[in-house]
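See structure below.
Chain IDs A, B, C and D follow the sequence of writing; residue 1 opens each chain.
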Amino acid sequence: LSKKIIGVIGGSAGDEKVRKTAYEVGKLIAESGAMLVCGGLSGVMEAACKGAREAGGTTIGILKGQSISDANPYVDIPVATGLGHGRNLVIINTAGALIAVSGRYGTLSEIAFAIQSGKQVFGLGTWDIEGIAKCENPKEAVEKALQACEI
Amino acid sequence: LSKKIIGVIGGSAGDEKVRKTAYEVGKLIAESGAMLVCGGLSGVMEAACKGAREAGGTTIGILKGQSISDANPYVDIPVATGLGHGRNLVIINTAGALIAVSGRYGTLSEIAFAIQSGKQVFGLGTWDIEGIAKCENPKEAVEKALQACEI
Amino acid sequence: LSKKIIGVIGGSAGDEKVRKTAYEVGKLIAESGAMLVCGGLSGVMEAACKGAREAGGTTIGILKGQSISDANPYVDIPVATGLGHGRNLVIINTAGALIAVSGRYGTLSEIAFAIQSGKQVFGLGTWDIEGIAKCENPKEAVEKALQACEI
Amino acid sequence: LSKKIIGVIGGSAGDEKVRKTAYEVGKLIAESGAMLVCGGLSGVMEAACKGAREAGGTTIGILKGQSISDANPYVDIPVATGLGHGRNLVIINTAGALIAVSGRYGTLSEIAFAIQSGKQVFGLGTWDIEGIAKCENPKEAVEKALQACEI
């Protein structure tokens, strides 16, 4: 494959500040030439897709439900799994490295699955657990995630 | 979503003639502007992706395993599900309509799941069961699948 | 494991005659000392569980949804997968051999997955496709399925 | 369903002390008349199943692989999902409440999925995150888990 794929994980809610961070993450992923994979719904997922789309990138949305029409409007490639929360594993297997933005228990389960699967996770204002690499800002997170994909 | 997604299902083996049919199907899907989704591996899947790629289309490969490196070289968007045969359901949920080319039991299970899920299946030299619309050639199959996506 | 596990597949509808056949299959499985695994819902699944329960057997219901309360009243061991149709693969992986009673496309997809997975399928008034062993009556189907589990 | 189902989660490794705790948890679940569901493999899972089996209980093992022969010898009801880590969701959907014993990232992902799914999790020497109810000993954990199932 010629392109890296970076996963962005985070909640379907998220206040203005969190969505701004996610938007920036998506934008920087697209500017690097990498693709973005996420859960394809609202909140952090939508903001990240919007950032990537506006920078000319490609966004993959791995959906919980059975219909591609559930995807947010900034998803280029909708994948309807019908697996519910099980779709989180598909995101993690598909991404070369992950960036977690804020989030609650769904995000925590994704972080834990990712670390268990040997994928590196870079955190922006998310759960502070052993195994996550805390980052200061979107730029640091995206740069480190791109490097982690090379390994 | 601005683009239709057509699923192509069929075996990972497949003789010269079957692969030529699959290639033609992929080419016609791409020429119509639709995206192609398949299992991302060899045989019918690879031939269809090659046809679509060479016509400038976008190919999505929904893989059985946990690594995107399993995808054939003509897959643009690899999705690593880690679900084994369960990935067939993801293909069917993602596609608006499906074209079955030859194939054995894996293809039959996909055909049956598709019909059960209310998706139309167009057949080219595949299982002759009630519920499949048999087609004479790739052109007929792709045209009908594109129409079925509109409904 | 000390006990064989026989899968029973078939539709959630099913007329009186079909349900009577499924009941008999369940009863004979239980009388042999084997366990029964099925989709845990209505129709063929419920009739088979009822037959097994009334003969003192153990019934496992692999459910589509996220709640064990979806199980029919004759399921001893409810398993809530949350996987939708994907639960069919769990039934097939768990069973040593399968008996298909009547059924439509959901059953056909299970039959095809089973054959693809190398499990033998014994049919009672179900799809007539290559690879299924057609049986005359519940007794023949259960005896042959028990033998197939030994291999 | 007449019986409660308690989930036990924890790693496939685990030292002597951890396995002793898991054994005790399994024993107390069985003595209460509840069933035990777990991942069916080694370490905490095996110790808990052994405790339950020796107290006359019923143990359900939700396996990662496609073969029921992967189950530890104390599993009564093996369920082969073929879903890899995705089987964790099946454990959580099936259990009325969960007890986490020690464990690393696999356990953390299960804990997070459980809380996200609205299931209560009782912890014995495991991750110390918001949302888990820390318990002093197996007796406290099993009593509280049984109560949580009633809600």
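Everything that follows uses one rule, which is that a contact is a pair of C-beta atoms (placed from the backbone, for glycine too) under 8 Å apart; a residue touches a chain by one contact, two chains touch by 3 or more.
On a predicted model such as this, the values are computed, not experimentally measured, just so you know.
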item: Most widely separated chain from chain A, with each centre as the mean of CA atoms; value: C
item: Angle (degrees, nearest 5) of the CA superposition of chain C onto chain D; value: 180
item: Comparison of B-C and B-D (more C-beta pairs in contact); value: B-C
item: Computed distance of Cα centres, chain B from chain A, in Å; value: 27
item: Whole-Å gap separating chain B and chain D, where each centre is the average of the chain's CA atoms; value: 40
item: Centre distance in Å when chain B and chain C are each reduced to the mean of their C-alpha atoms; value: 30
item: Junction residues of chain D, two or more chains touched; value: 66, 82-86, 89, 117
item: Of chain C, residues touching chain A in the complex; value: 66, 82-86
item: Chain D partner contacts - residues on chain C that touch it in the complex; value: 1, 5, 35, 58, 60, 62, 66-69, 71, 75, 77-83, 89-90, 93-94, 96, 117
item: Of all residues in chain A, those that touch chain D in their complex; value: 83-86, 89, 104-106, 108-110, 112-113, 115-117, 127, 129, 131
